[in-house]
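Two complexes follow with chain A in common, the first pairing it with chain B and the second with chain C.
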Partner chain A sequence: MNIKLEKINDITLVSLIGELNMDNTNRVREAFKKILQEKKVKVLIDFHKVPFVDSSGIALLLEIVQNFAKANGRMCLCHVNKKIISVFEITKVHKMFNIFESHEDALRSF
Partner chain B sequence: MTDVLIDENIPSTIHHVPVFIASVIGKLGRLHLDEDMLFDLKLCLHEAVVNAIRHGNNEKKELPVHVLVKKEKKEIIMEVTDQGKGFNFTRIPDPTTLENIGKLHGRGVYLIQSSMDSVKFLNGGRTIKMVKVQK
Partner chain C sequence: MSEVKKSTEQQAHDLLEQGNYLEAAELYSQAAKTFQRQDKHDRAAICLAASASSRALILGEKTFHRVALLYEEGAQEAEISKDLEYASMLYKYAAIAYERDNDNNAFSECFFKSKESYRKFLIQSLSHSNFKQWIERMGSLFTATIAYLLWGYGERPHRIILFGLVLILVFALFYTQGSFLSGKVPFKPNFSQAAYFSFTTYTKVGPEEVLYPLGFNKFFAVIEGFIGIFTIPLYLTGLCRKYLRY
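Up next, the complex of A and B:
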């Protein structure tokens, strides 16, 4: 899993590259903790290059969305592939995430 | 006719799981299954193996997890067996209820039951048998 960070105005764009699974959730968790510690509370996660998410990855996304909400911030997702969307829908966590088709739509929502 | 694709013991170490699953999916990929079915098989095998390592074998790497994957007619059958005490598979909480939706665990078995055509727990919960039928 590679994690690429970019700044767009006051929004942190986090591009994840690779599978989000139990083997790498700690690394991803640490990256988001650091973003919050820097008081950056608006974050957009680009899933374009994430082909697979397991239940640990789902749990991590829930943790991130809850942590950003507690800090009066917001987390959004974009470019999520249809199989991952269906996994979110099976577990109903799609209701907890702000999911957009494109960067532009997501950025406009902040 | 039964075509056994995988019949092996793997160590109880989480970081080996993605590579092992990738090798299984490589073999399943040769069966010309559609992408959605391959994704479901990958997800369910991954969840079952991780559960076996974490909750069954308590991540004791010397304890093996046995994985059997075979094809019988149009069925892909996957069995994962750990060395643990088993668990009460009749009382798996629904992670989609209002009470549980925000919890940070408890979705693995639910995902398996939702994505496969048949799921059975054998040996007091030490073995999970998952079947997906090729459409």
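Up next, the complex of A and C:
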């Protein structure tokens, strides 16, 4: 899993590359901890290059959403593929994430 | 070990996409059991929810009992892992599945737990809200707490009777501190007279006696009557809501 960070105004764009599973959730968790420590509370996660998310990935995403909410921030997801959307729907977490089709739509929502 | 678990979930999802819902549900359940044994309750909750949803997709499914049980177990796991918002959502899905299966007692229990988990989530989230969120959440929490205490979110309507009895006794005590007018004679009521007046004021039931409250008792009688107007229909609504399901 590769993690790329980019800054768009006051929003941090996090591009994840690779599967989000139990082998790499700790790395991703650390990356988001660092983002929060730097007081960057608006984050957009690009899922364009994430082929699959397992239960550890979903648990991590729920944790990140809560951590950003605690910091009065916001986390959105974009470019989520149909397979992952279906995983979110089947596990009933789809309503807990702000999911957008494109960067532009997501950025407008902040 | 981790490879096995990862592939179990992926296999389950592939089976789901191929339309093999039952096999997918079984695999998700297996994964959930592994996570339960490892005390990874957050992941167990997610896998149980996936298993329940997979079962619900089975064409020609006649009973939703197993689906409901899986959602409920998932909700309990989410509660253990302190994710109360997710627990509330899974309890809600469990309640819907029980209702489709005509298991009204289980529906009632899960509906109550869904609301209660959400109320606890609101309490939890107050500490990290900004001012605007705090006001909104405090409003929701206040409404939810009243609904919880007064009639258990509509699922415990008998609580209103208890509430009414306590209210009648408390107001009776207030009335004993003031006085009434009977005919043209003012008098200080004893407790049984005050309790009778309090009961008829709250329920609007019983033979009318010409007793006029004086001073602060006027104010108390208006408040008690006002509460009675709202809570007694609430009791009847709760009772009808519950018994019409059977």
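Everything that follows uses one rule, which is that the second predicted complex is superposed on the first by the 110 of 110 C-alpha atoms of A that agree within 3 Å, B and C clash if a C-alpha of one lies under 4 Å from a C-alpha of the other, contacts with A are read in each partner's own complex, and residues count from 1 in each chain.
Just so we're on the same page, a contact is a pair of C-beta atoms (placed from the backbone, for glycine too) under 8 Å apart; a residue touches a chain by one contact, two chains touch by 3 or more.
Worth saying up front: this structure is predicted, and the values here are computed from it rather than measured.
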Both complexes share chain A, so when I overlay them there, do chain B and chain C fit or clash?
clash
Give one of first, second, both or neither to describe whether A:52 is in contact with chain B, with chain C, with both, or with none.
both
What is the contact status of A:83 with respect to chain B (first) and chain C (second): first, second, both, or neither?
both
Partner chain(s) touched by A:96 [first = chain B, second = chain C, both, neither]
both
Is A:22 in contact with chain B, with chain C, with both, or with neither (first, second, both, neither)?
both
Touched partner set for A:62, first chain B, second chain C, both or neither:
both
To test your reading of the overlay: chain B has the stretches 23-31, 59-67, 77-85 or 95-103, and exactly one clashes with chain C. Name it.
95-103
Could you list which residues of chain A make contact with chain B in one structure and with chain C in the other?
21-23, 52, 54-56, 58-59, 62, 66, 83, 87, 90-93, 95-96
Write out the stretch or stretches of chain C touching chain A in their complex.
2, 5-6, 9-10, 13, 16-17, 31, 35, 42-43, 46-47, 49-50, 53-54, 81, 83, 85-86, 89-90, 93, 125, 128-130, 133
In their shared complex, at which residues does chain A touch chain B?
19, 21-23, 52, 54-56, 58-59, 62-63, 66, 83, 87, 90-93, 95-96
With touch defined as at the start, can you tell me which chain A residues reach chain C in the complex?
21-23, 52, 54-56, 58-59, 62, 66, 69-72, 83, 86-87, 89-93, 95-96
Seen from chain B, its contact residues with chain A in the complex are 14-15, 17-18, 35-36, 39, 42-43, 46-47, 50, 95-96, 101-102, 104-105, 107-108, 110-111, 114-115
